[in-house]
Amino acid sequence: MGDFDFSIIATNWRFLAEGLRYTVQVTLTAMVGGILLGTLLALMRLASLWPLQWLAAAYINFFRSVPLVQVILAVYLILPLLLQFLTGRLIPIGADNSAYFTFTIFEAAYYAEIIRSGIQSVPRGQVAAGYALGFTYSQTMRLVVLPQAFRNMLPVLLTQTIVLFQDVSLVYAIGATDFFGAADKITQRDLRPVEMYTTVAVVYFVLCFALSRLVKYLQSRIAIIR
Amino acid sequence: MNYHWDWLFFFQEADDGLMYYQWVLSGLGWTVAVSLTSLAIALLLGSAFGVMRTTPNRWLIAIGDTYVDVFRNIPLIVQLFLWFFVLPELVPRDIGLWMKQDLPYFVTAVIGLGLFTGARIAEQVKAGINSLSRGQRFAGLALGFTEWQTYRYVRLPMAYRIVLPALTSEAMNVYKNSAVTYSVGILELYFQYKQIIEKTSQVLEITIVITLAYFVVAFATNRLFAWIEQRSRVPGMIAGGQGGK
Amino acid sequence: MIAINNVSKWYGDFQVLTDCTTRVAKGEVVVVCGPSGSGKSTLIKCVNALEPFQKGSVVVNGIAVEDTKTNLPRLRAQVGMVFQHFELFPHMTITQNLTVAQMKVLGRGKEEALDKGLKLLDRVGLKSQADKFPGQLSGGQQQRVAIARALAMDPICMLFDEPTSALDPEMINEVLDVMVQLAREGMTMMCVTHEMGFARKVAHRVIFMDQGAIVEDATKDDFFGKPRSERAQSFLAKILQH
């Protein structure tokens, strides 16, 4: 470790920070988009219409069975083909933009399962109690079920987001410049793998560790309220 | 769509004399080999560290917690790059050279994936043990078992049964995560996928085939664990396991 | 046989046992009672060192349990214990439950352990259940198996930690019957229980605990005839009402 050269990091910090900014952007986009799409999928799975159930289950099971790296590459290659088919024009998307789309549709499958089990974790007796008080279906959902479900699933949703934040590093497969991709590109040029990869590992560790502690704290707070 | 479908390309000869479908099969073989070996390593590590975290010993708990925190909070691909490109530079020169030249990629990759997965399994094992009632440990001790014997005969057999569903999904995750080892030169399924796309541009056919291949291994793993679950089920106990009261 | 000398225990700042002292002689049956949270379960778990304590000493058959040099597994193997929630090992058959400690702790052969286990199972009236799993038995049956499991170790004394309080009322007697029989055979017993009928029938002494302290330690006749403390009186009045 004696010749660990901090100046490599200092001279390249701007490029690394750009990469980290992209990683955070993809994470936040996929989190918001994924939770929205995931909620829709979860409600479909819990709906009484079987085609809706089936469609949602197929979507969720499909994305949960394939490796994320494969989806990243497949979407990157197939999305332009599809757009060309739909619009008749060749639209260049680029690796960086394709990742936003991929992560949103991929993470939705994982968020959907979390949201579904959150809703199902509320005992049926609570629904009955809501109706017994004279609430309508939407009142029961809004006032009784969803607040409890959200509390149950919030820590898990956040934990999944930490996983997502780490998984963005897999855009390496299509050469996008995320945090890890930036470090890798510097390594290819300067041949300093020790400094670059260690920096990425340390930064990832510090951020994810802090976030997971925050989730734990939140969990204990929520546990007291219940 | 101006896409030119051609399913027969799988039977064309690639530049190494093999046919493309043989590339797929060889990739599948490596995927299974990497996954199963990593899973075995992960189960050992996960059990050891998971048990450590449930002992009354502060130091063992700290070691177990540190392992889990470190390996859960760094992305897999970064961990693999650390083992492949950073560690050889940090150890003495001769060992570093040996790691770079003579140590098979496979070994480094499965250790990397095993350590990564082990941290997740350690979480499950710990949760399983902690879900048992304190009384089970007491009952073992009261019969004269040593602390280790209470794990061996009482707590672990029940803990494994309880976390088997979670272990099933970890096992399926290993298959998916094994795809990341392409980045350090393992010629597994995803590596072949990337390579075949570069050579043939038949994106859709190969995407369908590789996706199906991953489905098959995931399904087989799922069935295997369902079988284990059925074999190990305890009569009179509700499925999913009720460790204690 | 069992000597508890000035035992005190804290969980952090909270004192759960305060200066407890008592003795159980060989062949004696001692019942420990008191309101919930009075520390009686904690005290009985101190006897075989399942619960550590910070002050005082517990001597079982001449061996101090708090001594770090004491071989605790060997000591515990000689002290039988029966728990409130039975604590049979759910993944083992009844037979395995009865034999595992005999083989792994006492080093008995499989045949000997099986022989001993089945004999005791017969004694508690459950021979026909040998190949079942605990989850397939009723609570009362499980507790009888748990007693047999403890007896299989040839204990020099037995500890009972509320053995009937997790049972449905109709199952309490089948367990108490086994305990009464055991007491009449001269087993040294320390029982945490609220079953005053059992205490009247076989106990030699009754200990009453409240807020972590031993408030009353009297012969059975004294305890039921004229309890000295008010707290014991009101406790008795409450549980004898039913």
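In this document, chain identifiers A, B and C correspond to the written order of the chains, with residue numbering beginning at 1 in each.
Everything below uses one rule, namely that a residue touches a chain if its C-beta (ideal position, glycine included) is under 8 Å from a C-beta of that chain, and two chains touch if they have at least 3 such contacts.
All figures in this text were calculated on a predicted structure; none of them were measured in a lab.
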item	value
Label of the chain whose CA centroid is most distant from the centroid of chain A	C
Innermost chain by mean C-alpha position	B
Computed distance of Cα centres, chain C from chain A, in Å	54
Whole-Å gap between the CA centroids of chain A and chain B	21
Distance between chain centroids, defined by C-alpha means - chain B, chain C (Å)	45
Residues of chain A touching chain B in the complex	1, 65-70, 73-74, 77-78, 81-82, 84-85, 162, 166-167, 169-170, 172-173, 180, 184, 187, 193-194, 197-198, 200-201, 204-205, 208-209, 212
In the complex with chain B, residue positions of chain C that touch it	45, 48, 50, 72-74, 76-81, 83-85, 87-91, 100-101, 104-106, 132-137, 149-150, 153, 159, 166
In the complex, chain B residues that touch chain A	1-3, 69-70, 72-79, 81-82, 85-86, 89-90, 172, 175-180, 182-183, 190, 193-194, 197, 203-204, 207, 210-211, 214-215, 218
Of all residues in chain B, those that touch chain C in their complex	133, 135-136, 138-146, 149, 153-154, 157-158, 161, 234-237, 242-245
